[in-house]
Amino acid sequence: MLKLVKKESKKVGLPPGTLLYVGEKRTEKVTIKIIDYDETSLQEKEARTVEDCFPYKNKPTVTWINVDGIHRVDIIETIGKHFGVHSLVLEDILNTGQRPKMDNYGDYLFIVLKMIYCNGKGSEIIAEQISLILGSNFVISFQEEAERDVFNPVRERIRNGTGRIRKMGADYLAYALMDAIVDNYFAVLEKLGEQIELLQEELISDPTPETLHAINHLKRQMIFLRKSVWPLREVVSGLERGESPLIKAETNIFLRDLYDHTIQIMDALETCRDMLSGMLDIYLSSISNKMNGVMKVLTIIATIFIPLTFIAGVYGMNFKYMPELEWRWSYPVLLLAMAVIVVSMLMYFRRKKWL
Amino acid sequence: MLKLVKKESKKVGLPPGTLLYVGEKRTEKVTIKIIDYDETSLQEKEARTVEDCFPYKNKPTVTWINVDGIHRVDIIETIGKHFGVHSLVLEDILNTGQRPKMDNYGDYLFIVLKMIYCNGKGSEIIAEQISLILGSNFVISFQEEAERDVFNPVRERIRNGTGRIRKMGADYLAYALMDAIVDNYFAVLEKLGEQIELLQEELISDPTPETLHAINHLKRQMIFLRKSVWPLREVVSGLERGESPLIKAETNIFLRDLYDHTIQIMDALETCRDMLSGMLDIYLSSISNKMNGVMKVLTIIATIFIPLTFIAGVYGMNFKYMPELEWRWSYPVLLLAMAVIVVSMLMYFRRKKWL
Amino acid sequence: MLKLVKKESKKVGLPPGTLLYVGEKRTEKVTIKIIDYDETSLQEKEARTVEDCFPYKNKPTVTWINVDGIHRVDIIETIGKHFGVHSLVLEDILNTGQRPKMDNYGDYLFIVLKMIYCNGKGSEIIAEQISLILGSNFVISFQEEAERDVFNPVRERIRNGTGRIRKMGADYLAYALMDAIVDNYFAVLEKLGEQIELLQEELISDPTPETLHAINHLKRQMIFLRKSVWPLREVVSGLERGESPLIKAETNIFLRDLYDHTIQIMDALETCRDMLSGMLDIYLSSISNKMNGVMKVLTIIATIFIPLTFIAGVYGMNFKYMPELEWRWSYPVLLLAMAVIVVSMLMYFRRKKWL
Amino acid sequence: MLKLVKKESKKVGLPPGTLLYVGEKRTEKVTIKIIDYDETSLQEKEARTVEDCFPYKNKPTVTWINVDGIHRVDIIETIGKHFGVHSLVLEDILNTGQRPKMDNYGDYLFIVLKMIYCNGKGSEIIAEQISLILGSNFVISFQEEAERDVFNPVRERIRNGTGRIRKMGADYLAYALMDAIVDNYFAVLEKLGEQIELLQEELISDPTPETLHAINHLKRQMIFLRKSVWPLREVVSGLERGESPLIKAETNIFLRDLYDHTIQIMDALETCRDMLSGMLDIYLSSISNKMNGVMKVLTIIATIFIPLTFIAGVYGMNFKYMPELEWRWSYPVLLLAMAVIVVSMLMYFRRKKWL
Amino acid sequence: MLKLVKKESKKVGLPPGTLLYVGEKRTEKVTIKIIDYDETSLQEKEARTVEDCFPYKNKPTVTWINVDGIHRVDIIETIGKHFGVHSLVLEDILNTGQRPKMDNYGDYLFIVLKMIYCNGKGSEIIAEQISLILGSNFVISFQEEAERDVFNPVRERIRNGTGRIRKMGADYLAYALMDAIVDNYFAVLEKLGEQIELLQEELISDPTPETLHAINHLKRQMIFLRKSVWPLREVVSGLERGESPLIKAETNIFLRDLYDHTIQIMDALETCRDMLSGMLDIYLSSISNKMNGVMKVLTIIATIFIPLTFIAGVYGMNFKYMPELEWRWSYPVLLLAMAVIVVSMLMYFRRKKWL
């Protein structure tokens, strides 16, 4: 969250529509991959220059232009101009602090999504902004970086002609990309779920302050994930409501399926949150229990030995006239009396269930 | 919850509409039971092959085809094709992580419900997905397994012709099946209610950390149950709203009754949750009380004996010139003084209500 | 709540519309009281047989048939058949686990309410289900038992012709009965309010674990009451909205008044809940305060005497060469030094505000 | 809250529309003040009898009849009858447990508001019910008592002709009265705000259990205030929506302003509540901190002196053969060793940040 | 919040529309800056008298009149009269306790916003009220003071003709001003975010009561910020809904962008609140942990030495007949026994994980 805020603040004072990349400095080459297909033909290539994309604007086949890297403002601008994209849209593509949304610009739809990954150790969630521009016969997708990508299964399906994808239009392609992103949420949720289960075991066996930090860390991950998923619901239901002629009726049924998936994810997120709250309660009460245990040990030891020490102290006094001191059996009798005290105390503690 | 997530993640990357069974590996035979009836006739048989179901598609009588086991994808697919069911529906039937929903496909309604059981020891809630396909004159129901089933009373009613069921259409049959599922929720809730009452007694007599875990476990069961019941409400109200011609007017009044039942269950769930929250408060404060008790014992013992020990220590000093040591009545006077200290301290504690 | 759930579960597996009494076993006679009136005439009698009610169905005068006791299923059924009441309605009358609701069956309205009493000691709230069937010129009311009843003021008004009641129709009679039930809620709330005030004083003077249990008990009573009142609001606003021709325009203004009353009760309930929450906070912090007090006493005693005991211990050592032991004024000087230590410690504690 | 409930319960069993004063017993005279004005003329007098008000019903000038005291049921009834007010309205005027509301009776609007005062010491909030009846050319206002009144500025404005009031109709007069009441809320909120600030300082400097009680007391005041303000919002927006011809278009803009004020008050109330919640957290944690401090002192003293006392105890033993006892430098060496122990312990505590 | 309340209460009793400045006493000169531009021309000057603004009312070019300082009621009134502004609007401009709102007066729109700054040390948020009056070809903006201002980038853009601003109308100018204010929120949020991160580190390394106060202080800042941002959303969506002809269609797309920004800010605020809540949990549990640590040290020391001291006490007794005292190896054997006790206790503590 904090990062999003920082990025945005760089732009304070600039006129709206100013194109400025706000993410980390990057130096990799921006790659543009083009896949053009219809039911019978398939063409796949990497564009050498931006201009290579231009012919696909009006081709009757479905074209998917995938731009990996948005740090080259000039490339984004050139593409934007050729495909008639509003400068505010281009600004939003570059400004990766967007929340998922769908804007209808008549000729084209602009969709912003968040692709979610777990980082290497699986404990940190990383979000990457994916912007889609859906025209009548093309989809342009913008990613922040090329390394990670959940679109490969879609590419495979296009190449192999599996499923419906080659028979449907650009709207189905956009749906397929969104579906791939949402499917990946399940994988991330699964990892988080595993961590919750691990934590739960740790919580029962041996809770430490680190457990609390881990619970809180997971809670923050949930908040983060929630921020990406919650608006997604509106995006998908907005598309499904079918107000744009770009979305054909036969794609609608798939969007409804996608909508069901986002609801399932939100449900799972809510359940995770409820479980984490319950875990917090358990953690706090287990600390209290520990303290209770410590106190009991102290109390048992102290209440047994303090009176005994007092008695020993009494017979350690140096008074001249203490008749017991002279008596022959004083010592063994006293030891016996002390033993009786100890035993009766232990019985008292047992009755109080402290032992 | 976590399990649902795991199942779904197996499917990441597959095209939508791909039929894949995501549950546990099963080897039992899939059984298909057919009950065909109208007001006068009744036929009941177990299909040997999938094709045995086919003739019932267009028979004027009401047919209930019950498929026990969804791990044989080919069977589901064959039935789906013959009855004209969309591949996304078939996918949802196989994918048991659905939340309850109702989809209107014009010719037929697709309804997903959760059947809820308590496991043997009654402490764990298990959900099984029931999918219903309601056509104009047939209902196809899909269950995950054959062992447990809440539909026997419905079967009996069909066989014996009790109630209205033989006089009404397929929509009433679908209602009767849903009603049987919802009725079973009451039985599950009753078991949970008994556990809450047991816990409440345990909480007053002798709360242990296990009590807390039990409270939390029940809370999680409630969350789980809630997830199954909450969307059910929309399903039933969606059916009742009567937008589909498949639901006849005379069935509507029964759906309203069913709706009332789901509301009652949700009410009961909310009350259970409120009670569990109250129990958590009591648990936490009873831990504090215990600690208080421990502290009081320690404090009473320590505050009585520490001063006494000090006094004994004073007269245990080896100074040459300590007049008291020589005095004849020092020892009994000191013992008396100590007794006075003890009594006055006890009175102080009594006034403070520590005794 | 738990009780409601249990009742319902008896019916699992029976066809909807099956008439089955689910409450406690009862043996009292079911009494049917009939009051028939218009502006000029008044007839009041107790029916000997069910058939005695039948002539009133189509009489132009307003008739109130009050059935005390619903454990005789046959009586309910006979009345139901004669007055053309749907079997689902009869089922709901017998099944006392309903939540308040209003169902419009065209010819008649079916209204379910909860009559609330405090039991003898005033600490337990008991709910009794009242079902009203409002026809064009009759009201049939069903109660679970005859002992307690809040309708006597209404009867008196009919007998004496006080107020409007004799000049208005059956809809006003139904309103008057509902009004009597809602008025009684105020009396129950008052008793609960008194208990809250008592608890609040107890909380300040001397909170015990019993106080916590009492707070929690009241909270549960509130939840219970809330469950009866909350749906009532919808019932009354449903009647007021005037969709049924059975409710005449001149009765509407009274229903609005009734609606205001239910809102007032809900307001009062919310305030009670907020106050009980605040009392829980006070209770928990008063436990902490007590613990603090115990700790302070322990700390003061221990920190004063432990150092002194050490000093006494030092001079109790048996070393041969300890010059102080021989010195003449050692003992009085040491006593003085100890007094100085005690005084300075007490001053330290005072500054720390522990004394 | 509790008081409201009590008042209402007096009326249980009476027919609706029964006029009964439910407040405290009062003996003061009821005074009726009449102000009649238009842009040019002004007449102000105190009515000797109720009948003095009657001529103003149909005068074209604007008349404000202010009734101070509602304990004389006969006076209210006479006015009500003459001005054609429904008996339910009169009942609501007398029954001071109403929540703010606006009822449209066609010919006139009935508005109930709560006038809020701080009592002498400023710590208790007192509410007085103000009922307004707005006719086409008159406003009748009913107050519980004459002592306190926020309407004097309005009277002054009428007398002096300041502002628009003399140029506008009765609707503007009603608005002006409501505005005066709402303006007074700000004064009350300011006093509560000052108390919150005082509490906050107390909380940081020296929190006591009284602070907690004060926080809770303020919270209850907020709940009370909220109950008066929240429904007010609906009242004002109901008037502004302009469904009644009694409210002229030019008054609407002022009602919108009034609406803004009620929103501001609700905002301030919410903020106060949030702050009080935060203060509760601080209070609870400051108790924990105090306990921590007490524990640390105990631990430091005990851990330093208990080992030393043990060592002294060892050399206080009376064994015949203890070589150290005979050694010449035993005593000074032991004292040195003890000093080393003390110093190293203090260092340990410093490192642990306990000192 | 408290301040707002105080300001408002000064006005109790005054007629609505009375112009009264309620802020702090100010003596600076009120400056009026005029910028008048169209696509080709640009005129910028500071008005010497109020009347200098008058000619711009009906000029076809776009005019921005910026009034710095609202403590000179006469100036505000003169401008208001000339530009035909309602007296309630002028009252709202002077009364700086407004919440953000937009009122449509037909000829002009009145927009109230809050400009937010961090004060010097960055820990306190200060809000300044900005009022905008948007006419068909002019924007009048009112600020409380001239020192701080976020409008300079807008001025620069007008002067340099960057972006669209010179080509668009007064509605775009109003948008640009609002956008500048909202952009500044991001900067404020960033500072708060940094503080949250600092606190989070402090919380893990060394939490003190000051940390709690800082968390609470930030929470209050969030509440304050929320109060400014939340209503803003309605303002912007109200403008975007395009009900006023003053907002042209081509500006709408920019308002939607602005709306997205306010949603982003609200999202970030919510996340901050969630994080602060989580930090409170961590703080409270870290206090408990500290207490636990303190208790463990006390318990370890006490449980080790109290028994040893008792043993030493026993052999310090002065009984005549204690055989051990005479035995030669008593002393070394006892020391050995004590060492064994210590070691076994340490092992016990290790097993309990206290060491």
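Read from first to last, the chains carry the letters A, B, C, D and E; within each, the first residue is number 1.
The definition used in the following text is that contacts are C-beta pairs under 8 Å (C-beta built on N, C-alpha and C of every residue); 3 or more make two chains touch, one makes a residue touch a chain.
Bear in mind the structure is a predicted one, so any value in this text is a computation, not a measurement.
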Touching both chain A and chain D (chains): E
For chain C and chain E, chains touching each: D
Cα-centroid distance, chain B relative to chain C, in whole angstrom: 26
Distance between the centres, which are taken as Cα means, of chain E and chain B, whole angstrom: 43
Junction residues of chain B - those touching two or more other chains: 284, 288, 291, 295, 298, 302, 306, 309, 313, 316-318, 322
Touching residues (chain side chain E, partner chain D) in the complex: 1-2, 4-6, 8-9, 11-18, 86, 88, 91-92, 97-99, 101, 103, 206, 209, 212-213, 216, 219-220, 223-224, 227, 280, 283-284, 287-288, 290-291, 293-295, 297-298, 301-302, 305-306, 308-309, 312-313, 315-318, 322, 324-326, 328-331, 334
Residue numbers on chain A that touch chain B, as the complex places them: 150, 152-153, 157, 162-165, 176, 179-180, 183-184, 186-187, 189-190, 193-194, 196-197, 204, 253-254, 256-257, 260-261, 263-264, 267-268, 271-272, 274-275, 278, 281-282, 284-286, 288-289, 291-292, 295-296, 298-299, 302-303, 306-307, 309-310, 313-314, 316-322, 352-354
